[in-house]
Structure formats: structure tokens, C-alpha cells
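Below are the C-alpha cells for one structure; questions will follow.
For reference, chains read A, B, C and D in written order, and residue numbers begin at 1 within each chain.
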Amino acid sequence: MAATIKISVKLKGSIADVKSLMLHPMETGSRIDPDTGNAVPPHHITQLVFTNNSKQVMVANFSTAVSKNPYFGFSFEGAKAGDTLKVVWVDNTGASDEIETQLA
Amino acid sequence: MRRVLLLSSMFYVIQVAAEDGAGCRAPNEASKAPDSAMTNYKQSHARAECFRLAAAGAGAEWLKTEELLQQSVEEALQGNWDSADQLVQRAQFQAETALLQAQHESEAWKHRVVKK
Amino acid sequence: MQRTRRLIIKGGVALLALTALPRALIAAAWPQKTFALTTASEALKEYLGTDVTTPSDKIDMKVPEIAENGAVVPVTIKTSLENVESISIVVEHNPRPMAANFEIPPGTLPKISCRIKMGETSDVMAVVKTRTGVYSIAKEVKVTIGGCGG
Amino acid sequence: MPTASHKYLLIVLAAMFCSSVLADPNADREAFVAYFEASFPDIPFNEYANGIYAIDADAREQWEEIETFPPYSFTLDTGAGLWNETFPDGKTYADCFAGSDSGVRQNYPRFDTHRDEVETLETAINHCREKHGLAGLKFNGEKMLALTAHMAFVSRGNPISIRVSEDEPRALAAYEAGKQFYYTKRGQLNFSCSDCHVTSVGLRVRADRLSAGLGHPTHFPVYRSKLGGMISLHKRFSGCVRDVRAKPFALQSTEFRNLEYFLTFMSNGLEVNGPGARK
């Protein structure tokens, strides 16, 4: 299991309602670590991309102003049961995670 | 609004029974002999700490009392006797007031219990 | 008991994971510069080519009047405008106002929801770019600090 | 110096003893519930499990939005994994908690007559681990929070059913001590729990609206947006005590366990709805 992404999809006819939650600190770079007194370096998701079968259905670009453990929801048309929806996030350090789910 | 936060009750706890720290005061009266700043400070620190422990024993210690005493020790170690003494006095005031608060509350709480 | 667990969306989906080859899959570039700019006007110019937006009542933005917590402010934006290409969330008084933007390809509904951080009370603007223009709506969100919960 | 503290201890003990003779927890609870019903006639009883969101509509919308995909989802996964772990002797948590399939959260805290003290879910988990050869978990550590979140989740919908047996004087004394704690003013600000969460519910303290004491323990552990993580009920107690500028007691101290016993008994009949999400 992708340890950092949770996704739920509801199919209403050909419309897919997508909700997703990522486990990520979303550090702004300006927070001071109370233990060291130094700024915690920025560490945040930059992009979140949803692809249904091979069609890109959403690209979300995030700044550091997106909340910790980001939530993102959207909907797209043209979905059907059996489609494969894939979610990928990438962060500013180059780390990433992804998950695939079959629409049902 | 009929319900009001009674901030004015903040110091409803007043000096009802100042002799309750008697055990803490005793050593100070006893030894007035070596009149060095350090000796005086040690005595007042011990007295304040005694009150703090008494307040803690009653489950009533305030948040910053211990910190005030620590700051006081740091000032004393640098020879800043005046500020060290001020901090000790503040700590002792807190601890004594906390004790009075606890004593008052040992009965007063009953009147706040929600009843039909 | 099923009823009371409704807050966890179970959905009808199975969760599967694949081993990663993700970088190649990120198509569009992350618009780094717009996120670094310190005024709303500059950030909009950088991202959309203009900071002139037409106020539109066809955009519906749901934000709280008073944020419970500035660290987690729920924002939902939807619009009945046609041919939407992107939606941006701009928080005027944040140190870097462009909070997030969303590229909407044909077939994707112009409706998004997410949660953002706000440093202080500010206008929050939803900026919708369509094939024919740039539209916006703004609402003030009050951010308070202090008290026992915050 | 010891005389002073002993004297106060005696006063406290004497007060506890005297009042415990007259204790009637059920009458206390009925009066507590009736007080809120009279103060907020439009709020149905079950709503008190939702804390301030029973009262504050704008905050409630934000909370519901967050609960559509709650931030404690990951913690629940972790908790379910930990729950199913096998101990070195082959036993599992389920062996310690009878009826755990349908949830046990609603039965804690309980009075443990063998240990002669209040046992909370957290101390019960550690007693279980110790019995099976494992060290206890940190009370506000990630593992404990995940396990208790999982156990609360499995118990969702079960009505809180705390027992304070009137035939067990030690249980009554613990209950009375918790009650005394709740109504005792403390700290530099001289506030009791009840000053805010009974007398002043719905009013603001600076930017916050005060929530009702009825329903407080139903939803813990809680994901705090402020912290970006979970906290236990005792951590919240500790925060409140600090807020009135008193020195907090240790997590799972006798004081806090007794307080939890009293407070949870007051919420008998409300449904468990933990884990929760709060600002």
C-alpha cells in the first residue's frame, strides 16, 4: 500500500467524485524548530497529478500554503467502472509516492 | 448574556490564614547570624521552595512558580542579588497564594457542583 | 454501527499500489516562480499573464467567515463559467499569495476543494481562467489566534 | 515544612471522605445533563458528543468539511495494524479486552478493585502489554494514540456506559475526587473546569468559544489541526490546566484518571464518536 496517499472515488453515472488525502509535513521553510532554534527547511508537495487510464484529469500545483497532510477533492466526467485512476505526488526534495485504484 | 466569566473572582482568594506557611517561615527567624548576601539568599530561596512544595502537596502549584525559582537561582549565581531576591519573592507570593487558594477551595468547590 | 462510521468514506474502491516510476509521469512543470512572488498582482501576472480580473457571480467560493484555525482553512471553489482552463487560490496577505492552482483539462469539472494555510485575516480570491478571460471572486476570511483551543 | 503539606492532604482527604458518604453519582449526572438541556433547549442530547460544533455553526461547517476525509485516517490504519500484533507469548490485545470485536471504549475508565484505582483505556492497554511480557507504551506516544484511536473507532455508536458502583466505596471515592477536581478553582487565573465548561459554555475566551463539559470524553483521541497530530484526553486536560496557569499533573496521574472517571460518567448514554478532529 502506498503509505502516504488515501483516495476515495464515487461514481455517479459517468462522473467520478475523487477525494484524496496525503501524509506530508508541508513545511513552509519559515517555521523555527523549537529545539534547535533553526528554521526547518521547506519540504512540501509541489504537484499532485491524477490520470484516469491514460488521460490526465487533474494537475494540482501546491505552494507551501497548502495545509499539512493535504486534502484535495475534484470531479471529472467520462469515467466508468473498471477505469484505472492513478495519483502521483512529487515534493520539492524529489521524493514521491503514487497509488492506483480501479473505479467501481 | 446572563452567564459571565467572573474574571473579577481572580483574586477572591485573599489572606485568610497567612500562618499556614508557618513551617516554612521558621528557619528564617532562627538564623540571623552570618549576614552575607549568599546566606540571606539561600534562606529566602529555601523558604520560597518550602512554600512551593507545600502548594504542590496540596495539588495547587501554579504554572510558573518553579520557573521563577530557577530564574532566581541563575540571577543569584551571577551575583545579581536584587533581581534574584525579587524573583524569590514573586515565587513565594505565588506559592502562598496557591496554598490559600487550595484551602479556600477545599470547601468552596462544593457550592459549584451542578444540582437540580 | 455502520451508520456512525459514515464519516470515513469507504467508497467503492480497492486500494492498490504500484512501485514507483513517478517523475516521468509529471507532465506540466510546477510553476515555481508564481509561488515565490510576494504580491498577488505579481503572482497573477506571472501565472496568467495579467492581474486584471473580471468579478463574476458565476464563481462560487465557499470559505469560512472566521477560520477555526489558520493552519487548516477549507476552500471549495466551483464555477458555471464555460471552458475553464485553470483555477487559482490567492491569499492576498500571505507572504507568498499564490497558494495553489489547478489545471483543468476538458472533461474535468471546474470544482475543487482543498485546505490552505493563512497567516492572518485576508481576502481570499478564487481566480478562474477560461478560454476567453480571467474572472474572480473574493471573500474575507478572518484568522484569529489565542484562546484555549487555538 | 512537611506539616503544611500534610495538613492540606488531610483537609483534602477529609473533604473527600465526608462528601463520599453522601455521593449519588446518578443524581449528579442527571443534574449535569439537565443543566445543559435548560441552557441550550435547541440542542439535542446526542449532539453534545460533537463538542463546540453542537453550538457554533460556522465552525461546524469547517469541521464537517474536514471530516469528509478526516486527517486521522492514517492513524487508524496504524492502529489497526498494532491491534493485530501478536505478543511474544502468542496472545493478542483481543485476549485482554473481552468483547473487543464490537468495541470496548464505552466501558473505560472503570474502577479496578484489584489495583484499587481507576483504570483508563490507556492504562488497561499497558497492563495488558505488561501481563504479556511487553513494556508499556508512552501515554501520548504515536503507538498509544493509534491503538486508542482504533479502539474508539471500533466502538463508534456504542453508548458510554461507565459504572460507579455505590457498593464500592473506593470507586465512589475516586469518582468524588474527580468531581472535586472538576469544580475546584486552580492556577493563577483561579478557574475551575466548570467555570469554563459548565458556567460559561458558548461564550468566548479570546478567539475561542467554550464547549460543553457534557460530551467532552466521547471523541478522544483527537487530531488537532493546530499540532498536525493526535492528542490524548489527558494531554488535553494538561493543556487546560496550563491554560489557567496551574502546573499540570502527569498524564495518567491519579488526579487525571479520577477526573476522567467523573467526566466520562457525566457523559453516560452519549455515543462514542472517536477519534475526532478539532482545531
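Side notes on the structure shown:
As a convention for this text, a contact is a pair of C-beta atoms (placed from the backbone, for glycine too) under 8 Å apart; a residue touches a chain by one contact, two chains touch by 3 or more.
Quick caveat: nothing in here was measured; it's all calculated off a predicted structure.
Highest inter-chain contact count (C-beta pairs) belongs to A-C.
Averaged C-alpha coordinates put the centre of subunit C at 37 Å from the centre of subunit D. One simple way to say how far apart two chains are is to compare their mean CA positions; for subunit B and subunit D this gives 31 Å.
Look at where the CA atoms of subunit B average out and do the same for subunit C: the two points lie 53 Å apart. Shared interface positions of subunit C, i.e. residues touching 2 or more other chains, are given as 9, 71-73, 113, 115.
Counting partner chains per residue, subunit A shows two or more touched chains at residues 6, 8, 19, 67-68, 71, 73. Across the assembly, subunit D contributes residues 66, 68-69, 73, 196, 205, 225, 228 that each touch 2 or more other chains. All chain pairs that touch, listed by label, are A-C, A-D, B-D, C-D. Those residues of subunit B lying in contact with subunit D across their complex are 1, 3-6, 9-13, 20-24, 50-51, 53-54, 56-66, 94, 99, 101-103, 105-110, 112-116. Looking at the complex, you find that subunit C touches subunit A at residues 9-18, 20, 22-23, 25-28, 30-32, 35, 71-73, 91, 94-96, 98-105, 107-109, 111-118. Of all the residues in subunit C, the ones that touch subunit D in their complex are 1, 3-5, 7-9, 64-69, 71-74, 76, 113, 115, 144-150. For subunit A in complex with subunit D, the touching residues are 6, 8, 19-21, 23, 25, 67-69, 71, 73.
Chain contact summary for the complex, subunit D toward subunit B: residues 1-9, 11-12, 15, 19, 27-28, 30-32, 34-35, 179-180, 183-190, 192, 194-196, 198-201, 203, 205, 242, 245-247, 249, 255.
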